[in-house]
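Below you'll find the structures, each written out as structure tokens.
After this come two complexes, each holding subunit A, first together with subunit B and then together with subunit C.
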Partner chain A sequence: MRSAVIIVTFLIATTMVSAVLFTKEGLEREAEISVKTAPDLTVQYLKAGRVELIPLEYAKTIAGVEGVKAVIPRIWGYAGISTYTFTVIGLDTSSIQYTSFGSIESGRFLTPDDAGKGNIVIGKLIAGLLNVKVGDDIILLSESVEANKFHVVGLFSDASSIYTADMIVMSIQDARQFFRMPDGYVTDFAVYVEDYEQPANVAAKMSFLPNARILDQDLLLRGYKAAYGARGGIFVTLWTILLVGAALVAFSQAVVVGHESKFEVGLLKTFGFTTLDIIEVRLVESLVLGFFATSLGMILGYVYAAYFNAPGLVDILLGWAFLPREFRLPVFISWTSVFSIYAVTVIPLIITTVVPAWLNAITDPELAMRRAAA
Partner chain B sequence: MKKIYFMPIMAIILTSALMLTCITNQVSWQSREYFKELRYTIGLPSIAIGTNYEGTRNPLLEVFVRSLYDIPGGYDYVVPSSFIDTPLKLKDYHESVPGFNLTTRRG
Partner chain C sequence: MIELRGITKIYNKGKFNEVVAVQDISMKIEDGSIVVLTGPSGCGKTTLLSIIGLILTPTSGEIFYDGESVLGYSDYWKTSFRRENFGFVFQHINLLPQYTALENVLLPLYAKDSDPADFMERAVELLSKLGVMERANHLVEQLSGGEQQRVAFVRALIKDPQYLFADEPTVFVDEDTSRIIYRLLQDLRDKGKTIIVSTHDPELIKIADQIHRMDRGRLLQKK
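Now for the complex of A and B:
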């Protein structure tokens, strides 16, 4: 009975804790990878503490700062289709440096010839929702409730869905038209610095720019980690408390079921077992139970998150965000997480079972058996 | 197999299986295709976690949301955190999230 209680409690707790920890680390790692490929610096325009459109004329000033290699204007925002919100990206097609994109499943990526022609490349989520393929036309409603017709020239692959599922990529001219954005303004600037320069140093040189907010990769990454870390941390704390509770249950079971245990111990000592032998037996028993329940719990937690997208738990981590069916949660199992979970399960279990065993073992065997029989 | 050996053997098998899963998972992350050319071209750091929430411009909620809302592509990441506590009280947010305290951060 005692073993069953320990196994079930530890199994449930470790499954939940591991699912959240592995998912949180996967999301953080995914964000880390994306941030690494983000521009060295992103320059936005602040007015009264709010982010607004940035004047294009800033590009020339930023390009003149020592250490700046390239300044690329971007227009991007969100478009609603049905109950979903999609990310619309307007690219300066003349500044695209690559000619082939492995992330395209069918069709092609944008080229400089697509500027202002209404050609778009879309992700799997929107393609599935609207049931469109390469060569089809789609009509998107803008915020100003005007219909905009676009021609699908490319479709992103399933493999790239974690990055592209909700994307609609078009030329910057088309994005300007779609968002009805005034000429001479863009959403922000992607700034790339020379290899020999530190982005933070270049950012410092831009401090003379009025109303500018400059984000570097480190700030972006810290922002993501703060969001996931805080949310995941709260949840893990709650479940760790439960684990401590489970350890107390184990302790309680060891004491309450002590009558039987005392008799066993008395019998063993009569047969010549020493106190150390008895503690050793309990230690091995706890290790077996602890490793069995915790390892199984972590495997179940991994399967629950990686193959079933952690229903119930994922909402806690993502809040109002949703996970498109098109891709699976990024799950990362780090050694740190695995050993941390072992540390908060196996060690308390050992302590809470070995201590009562020691208390029983130091009692006189005859007295122990008499008391147990009474 | 004797019944007494069942639990110890299962514990060893499950622990080994977990270690194997851990190694496999880490190798798969290392060998994963990240489509660097695409991410570099697009330049937005977020992954495609979408949002059903349409009130991000609610003046009250924006106080919470803006801590990451304004980061390129990060429009929804702060929302999971907004239920924990008022971010204004959290030192971590105040210091680590760019632009949260409404001051311009340069360099």
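Now for the complex of A and C:
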């Protein structure tokens, strides 16, 4: 009975903790993967310390910097469909061959011919939510509340990272139209450097450009991770609550166990079982119990996150209320997280069961038996 | 031979509920004898028996086993010494109720260096001798008080210990069983074993070689 209570508590705690940790690892890995498909450098326009639209002719200045291979203007922003918000990215399709967004699951990516045609490539999350496939049309509402019809020509696969999941990629002409962006201005420039050049070197050469803010991949990665770092605070809180809860239950159980077994320990010591014999029994018991419950919890946590998209947790993890079944939450199991989950569950269990056993074992056997009988 | 010198046990020493349970007791116990501790309830019999049996640490005094002063030795040493030389029949019997009689009897053998399988024959012999063989596979909680006491005896004797400590071993049993127990204790003595027993049973006192009467923690007289 007492074992059942300990197992169930540990199971729930380790399931939740494993799901959170594995998903967090998965998201961090995805950030690393998706940063690799990001442009070598991104150039924004700073005015009075704020990011503003950048004049299109600035592209010529950037292209003049030694080592720059291509400068691709981009217009991007956010769009809503019912209660969801998605990222809309408009690319200059004439230099589309330089960009990379990861793999396409069905249909195709944009080509130079798609300029101004209303063709889009969308992420798995949007496809799932709107229940659309390649060949379908969708209506997006702009900020000026005008309906814009778009034609889906391609779908990102979810292997291409969670960062494409809520993405809508279209030609820059369509994006300008959609956002009512003034002619001659764009949001930023994606810059690709020559193969023989280091992005950092090129960035250094660009530092003389007026009003330019240059972002490299490291900076982007730090940005992604910082976004999850903020959520990391929630992880830590969640961890703490679960573990303190689990430890408390384990401890209260151990006290009961300690009381129940005090008599037994006194008896065994009278018969000549040594203190070490007695601790060994408890140690093996709680190790077996701990490893069993923790391992099972990890498996359940993995299944819960990887196959069921962690309902109830994704909101905390990603800020989305739920994920459609078509979409797979990125889940990754590292040795570090497995080890730390074992450490934080098994160690408190061992302490809370072995310490009372040890205290009983060093009591005079007669007193241990007498006090327990009374 | 066991020798006690100035054994005193004070429970809760220095606290408001301090109890002097045993006070300045010295005695010698010869090997191959039956030694009885007797006296009114609360006079310290169980306390003294536990001290001699090395399961309770006295507040002061010394105990010698065959001339060796043992109280200063480690817990590990005392535990090993108990395992190799002692058998206990407790006043409150102290069997584990959720196990069978046989399992209880074999329990002491699971401590180091013995194989329970080697002792099955002896267990059966002792259980039969005490008339509880047909109860061997019953849970202890289903046995009567007298049956439990006899099982406790078998458990104490399973390893054929040199020293047997028995605390009021005949209170729960009928006359027939009592006689079996007297016979058993005498047989053990004849084999050179030492039996230290606390009792009020006049018949048991009759077979004693040495009787120590106690009152309020002190030894009264010697026979």
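By our rule, the second predicted complex is superposed on the first by the 281 of 374 C-alpha atoms of A that agree within 3 Å, B and C clash if a C-alpha of one lies under 4 Å from a C-alpha of the other, contacts with A are read in each partner's own complex, and residues count from 1 in each chain.
The rule is simple: contacts are C-beta pairs under 8 Å (C-beta built on N, C-alpha and C of every residue); 3 or more make two chains touch, one makes a residue touch a chain.
Small disclaimer: the values here were computed from a predicted structure and weren't measured.
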Contact breadth on subunit A, by residue count: subunit C or subunit B: B
First (subunit B), second (subunit C), both or neither touched by A:367: second
Touching partner for A:268 - first (subunit B), second (subunit C), both, neither: second
Which of subunit B and subunit C A:189 touches, first, second, both or neither: neither
Which superposed partner A:179 touches (first subunit B, second subunit C, both, neither): neither
Partner chain(s) touched by A:333 [first = subunit B, second = subunit C, both, neither]: first
First, second, both or neither for A:101, with subunit B first and subunit C second: first
Subunit C-contacting residues of subunit A that also contact subunit B: none
Subunit C-touching residues of subunit A, taken from the complex the two chains share: 263-264, 266-275, 277, 362, 364-367, 369, 373
Partner subunit A, residues of subunit C touching it in the complex: 46, 50, 53, 55-57, 75-76, 79-80, 82-84, 86, 88, 90, 92, 94, 96, 107-108, 110-112
Of all residues in subunit A, those that touch subunit B in their complex: 27, 29-31, 33-35, 37-39, 42, 44, 46, 49, 51, 72, 74, 76, 78, 80, 83-87, 89, 91, 96-98, 100-103, 109, 123, 125, 159-167, 169, 187-188, 190, 200-201, 203-207, 209, 211-215, 217, 219-220, 222-228, 230-231, 234, 287-289, 291-292, 295-296, 298-299, 302, 316-324, 327, 330-335, 338
Subunit B residues touching subunit A - in the complex, by the definition given at the top: 7-8, 10-12, 14-15, 17-19, 21-22, 25-26, 29, 33-54, 67-68, 70-84, 90, 92-93, 96-99, 102, 104-107
